[in-house]
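Take a look at the structures below.
Here chain A shows up in two complexes: once beside chain B, once beside chain C.
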Partner chain A sequence: MDHQTKQDQATSRRKFLKAPVVAGAVAGAVLSPGQLFAGTQGAIPSIRIPKEIPETLTEKPKDASFSGKGMTGAEVFAKLCKEEELAAMFCCPGNYTVINAIAAAGVPAYGGRTEGAMCAAADGFSRVTGEVTACSGTEGPGFTHMIMNIAAANSARTPLLVLASNMQIAGDDREQFIQIMQQQPLTTGIKKYGKRLIAPNRVYEYGTYAFRNLKSGVPGPVHLDFPGEVARARFTDASTLTDYYTKEKYRTGSRPHPSSKDMALAIEMITRAERPIIVAGQGVFQRGGCDALQAAAEKNEVAVVTSGPMRGHFPDDHRLSASLSPDALMSADLVVFIGQYCMPSPGEYRFSADVKTIRVHPEQDDLGRNWPLDLGIVSDEKIFLDQLAGNMPAKKRDAWVNELAAARKKFEDTNLDHYQLGLKHSAATDHLHPAVMAKEVHDFLYKGDIDPKQTVTGCGGWTSGIFAGRWLRANRPGQGVACGYQFGAIGPDLAMMIGAGAAVQRGVGPQAPYKGAPVLCITSDAGIAYSLFELDTAAKYKIPVIAVVYNNNSWGMWPSAVGSARSMHMYLFQENLRYDKMAEGLGARGEYVKSVGEFREALKRSYHAAATETVSSLINVQALKEFTSGRDYAPGIALPPEPGVGAFAH
Partner chain B sequence: MEIVAAVLEDYAKRGIFRGFSRGPTRAGKAVFKMLWHRDRNFELILDPARNTLRFPVVLPQVPAASAMYAEFQQFVDSRFAADLPDHRRIDKSKVAIRCANRKGDVSLTLTVLDGDYQYSTRKLVNLVHEVFLVFLFDGRYYDYLVETFDLDPDRL
Partner chain C sequence: MTRAFLFRGLVLVALAALIHAQDNKTPLTVDEAKKLRNPIPFSQKSIKQGHGVFVRYCTSCHGNDGKATVDVVADATDLTAPKTWKNGTTEGEIFRSIREGEGASMPAFKGQIPQQEDVWHLVNFIISLWPEDMRPPLHDDK
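Presenting the complex of A and B:
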């Protein structure tokens, strides 16, 4: 087939996809990638899912036991993971004995294209469910590939179990064969707990260490390395395993309670304040305090703003939400940090220099870090909020509620002004401005026929993430992922959202009412390079994802090279790269847009394909790098106020 | 003078300033130094004889004829607006605030009208706080932040 013929066929395919939409029959436009390629590629085989994938996914779990040949160390550990209800494992092959055992035990398992992306997927699954998840990679190269996303999970305080093989103890220090390295030191500073297992008979014991850390106190990544001697050891009798007892014995659900004196003081301070605000972080979500948060806030009319993984657990559209009211933050006279594990310093959050502070945290040794306290309370988040809801007097704060509403309107009006400017720039340049991209996604998800609470979204990239953050909403638990939260990694976004999509596909936790719904990710051309291949993973597992890629031909920080000799080339890519074509090559749909009208239709087609055929799409939004500059194209980059929608620092 | 010092020391104790010191008083003027927004050193000069508090450099490298400087002045004026809630408004019966621009260095001078130095100090500190946390967050000044403060995602 010559080049021209291929091009004609591609054009025909695009026309074919577009034609019914123009006629208003979106449903007719959807074909699976396999079908599409089958009719056009002649002798070139179609992309298809091998039969072994659905076959092995539907096999029954296999119970391991001490009888017969007994259990391997990997099976002992896998059995523990199953008993601890490990929600999912994302991996690339490697650490074979362990991942096979975990999959066989019945833990939902996903195999992807890079270890780093699989780590981000596990993080994404956890961020929208609150569950403990695992990632795994082979020793050395596979493990080191995960580092960026282990660090991202650590910043978000995700309860992430990081697993890796680690060659053999017998080969230590000999540089025998390949992939030898000390792995534990590499996660220093980005994990809560870690251990290279060296005593085979302690494999269960260290598994309990892992789950105690994952499920108690402030969560964070736990990193276990499995040398071959541990993973492949055989056990035919429980008596050979140390500390082999159930979870009731190795961890406790007991939690710290606030003292009655502290509680009384907190209630007095809140009640006396005129404009109190709660900053609710990951701890409120992890400890199940969201309902109590809402009850307490409503009883005393306390404003609430959420951070990081708490997005949506106090709905953006609640009248007491300050997440869309950045202008009101400066008015708060009392801030109550609850479960805010990643603490900002004064000046990082948009609060008055005179604001008083209460912080509630389950561990005494973190109180007073970064942000000086007027009152520090050691308490579990849920218990504190339960007591607050129960004991705080009812109070009306009409002026404060009205100020929140006025600030919300001002924020939304500002966003609309940006959109209008973006429309002008888009029309003038025949490229899509990021403010337009973000607003159109907003209208499509929240103002059209789709249940506005249905779609889980996440965003990343620099320019794309900043504009998208202002428009994406989280109006129910687990609806929004701040992909860049605190660590600011460019790139894990799509993989993280595929992990979130796996959670929605299974209807885990807060995703249950929206089981099977598509998820949407807005990312950048810089970011997509890190996760693009996971569209293969999404296709393989039929996880419906819509990836909107803001393609401005550059790294978002290209202005840093302006005026610097011999530098700009480092910040630029080839122009007009076709990420949509790459997606098609991976078994997803591809869309290319440059105008508002094209983008709207592409969103419709992509969502329909995702919702009805579980087919993922990538929409290449062609833009210009110059849109980043406020000097040339107002509004430029309006940095997100922290805390609130779009915030990603703390 | 002691009232102003006490207010500023309180901000330092509460972490608003990352560093703080009180310099010697010369010619009746007290100079306070603080490490504050964008890890920059600020100076606040108290002149009791003139009833003024002055930050000689709030923002550097803002040309006097630029739109940014005009917008900065509008921002400062807006802090006195009648439609602001009481707790956010600066009371013009108590203080006057003047912007100046010397070779690109933008200064703010507050004149205390009623002798209430505590109120005046708090309002001036909060005004500068808002310049960095509200005014500069407008996308129009993104290029300025990059060029003047080396803003990048590693240094927000």
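Presenting the complex of A and C:
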């Protein structure tokens, strides 16, 4: 057996599970730089993880107490975070008192290279688990660096706790020392709730405000800023804190139930329809309604298409999935939106103008927004789906199921046509076409030895994201991330997937069966600039990420400059930049590919390193900017039909 | 050359172009496109059908109203202002732009909209977005 065959076999899931992957703490493992980073000889020291990292990660949590010296305001807040099961915190140093207290309390904590990327990482962790996560940065510069990704989290309705220090109340309006600014106005419009804490004895009370908002109704970012007087205040007696009681008293788990009349009408409308379809939004995932959704859909043969910032809450490979059947959408005569928080307008989703509509939403005041309804139902998503599965009669819809299958075949055939064109272009130019890149990732993850339900993927970038979106699959809850969902930020992709990787590493929620598995991110050369340095963070915490970087030497929007004088230079980078070399400089592996054969081998090697050594890789896929344009290299790019695979607007 | 002969010649050229247009695999040239005529009358029924195609394939770049005011997609054409168009405004040229793609940004849609009839309906819908004084008279659906 040759060496390569041995490597190939080592990439199987069975072998992978036997590998000594340690979730969570690094458990004392120190990278072996000689194995990971070639070219460090002589007097140049190798990249290595300092011993303090595994040491401090394996320390036991420290319980804060009112006795003795008492608790700081930061410790009071951290204790609340722990009791509320805050799933993880991603931060850069700054807001020291608070982040130290949260880490000491036992909340899994990660420190990275930029606050913006850490915010995206926290968002990514939440998108693949549904859990509340936090990000933190220092006052002023660190906080403002997070803004783009707070906005992205807001568009994605992520339950994200945004924390930042904010100097001292005593220095307000005096420009005392440095980094003075008012934070709360800056997050206006991109948060669900926010507060600058100004009364130290109300630190717990405002913490309860935060978690009440994060865990009730439609989620969204909550932003708290901590002046020093609050974070460093000391409390030796719980009675000095306002509203200091347990979570059962400051928020409720009670959820809205549909009325029996609404439920009966919904069942009648669905049963009477010939081609009903459920648009399963993020609320289905976040509220734990995936199993009920599948049961309801199967019972009455209702088609399902998923939407939202995460994917997989209905499996793409299910016969009733319409996520790969865009041409069937126009045939639907009834659409049932469930948990669709970011609501499209008619025309933005590919449904007939005459389609009847039911919308199920946990809050009454959003029903009827953007999309005219035939029936609006106030209900928790899971409760509605449970009742639907329980009360709806069984029904067969052979014609509808056959139409879904035919539309899926057409979609997949079109993808294959694009792949064949891409192969031709790749061979002719000695550069890799994005259709080939996307198809090869697809085959590697879903057609080979790896369990097709295992690998969590996410994609972004313009040309790269549009092609990848057609080929990435989500066959179980939390398996996919639409990195650019709704806000359309270019760049958070890798950081978001490192956050998702942290969730997989710990086996949180739906990631439990795949604990420790590698995650894969497809992004662009434009996008990677925003979060490349987080490969250091991935290495530090041994989060195995495979980053496929589509390098076309440009911003994907370069066609905007065509025909415009003195403009193109603004859209182009130096050609043939080596992101693989940059990755090596950050302690990850680097691969450089220009052909399909090279790419296949690079994927195998990268997966092997990720699965067996928890080492991340960056694969630089060298392409040409002209592949974006159908003028010379058909098919060019067309925005994906929505809803369905590749959708990112709603 | 007699007038009748000339007329027969033009018909033959137009027919050849039309037959050519039915073959999705062979690219349609600009000259061929200019000779094409929409076989489907400009009627409310056709415009409605074209709108259905437009909603499916075009709104993400050109917007619901065709004005392409969202600056996310590179330089999409304002379909309501034909005087600003760069690649022709005849029915055939519009047909060609849709089928073969146009400029650096717009992809070919002959794969996604394989039925020629759908493209012609779409042409009619696009023309319906023009200023009233530029539109042809509506054909009576009856």
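The criterion applied here is as follows: the second predicted complex is superposed on the first by the 608 of 650 C-alpha atoms of A that agree within 3 Å, B and C clash if a C-alpha of one lies under 4 Å from a C-alpha of the other, contacts with A are read in each partner's own complex, and residues count from 1 in each chain.
Criterion: contacts are C-beta pairs under 8 Å (C-beta built on N, C-alpha and C of every residue); 3 or more make two chains touch, one makes a residue touch a chain.
Just so we're clear, the structure is a prediction, and the values are computed from it rather than from any experiment.
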Fit or clash between chain C and chain B when superposed on chain A: clash
First (chain B), second (chain C), both or neither touched by A:417: second
Larger contact residue set on chain A - chain B or chain C: B
Which of chain B and chain C A:403 touches, first, second, both or neither: first
First, second, both or neither for A:330, with chain B first and chain C second: both
First (chain B), second (chain C), both or neither touched by A:354: first
Chain B versus chain C as contact partner of A:274, first or second or both or neither: first
Touching partner for A:641 - first (chain B), second (chain C), both, neither: both
Partner chain in contact with A:372 - chain B first, chain C second, else both or neither: first
First, second, both or neither for A:560, with chain B first and chain C second: both
8-16, 44-52 or 80-88: stretch of chain B that collides with chain C: 44-52
Set of chain A residues, in rising order, touched by both chain B and chain C: 330, 345, 347, 350, 352-353, 488, 557, 559-560, 563, 628-631, 634-639, 641, 649
Residues of chain C touching chain A in the complex: 52, 55-57, 59-61, 64, 72-75, 101, 103-109, 111-112
Contact set on chain B toward chain A in their complex: 11, 13-16, 18, 36-37, 85, 87-88, 122, 125-126, 129-130, 132-134, 137-143, 145-147, 152-153, 156
Complex interface listing, chain A residues touching chain C: 330, 345, 347-348, 350, 352-353, 414, 417, 488, 557-560, 562-563, 628-631, 634-639, 641-642, 649
Of all residues in chain A, those that touch chain B in their complex: 274-275, 327, 330-331, 333, 345-347, 350, 352-354, 370-372, 399, 403, 418, 462, 488, 490, 557, 559-560, 563, 628-631, 634-639, 641, 649
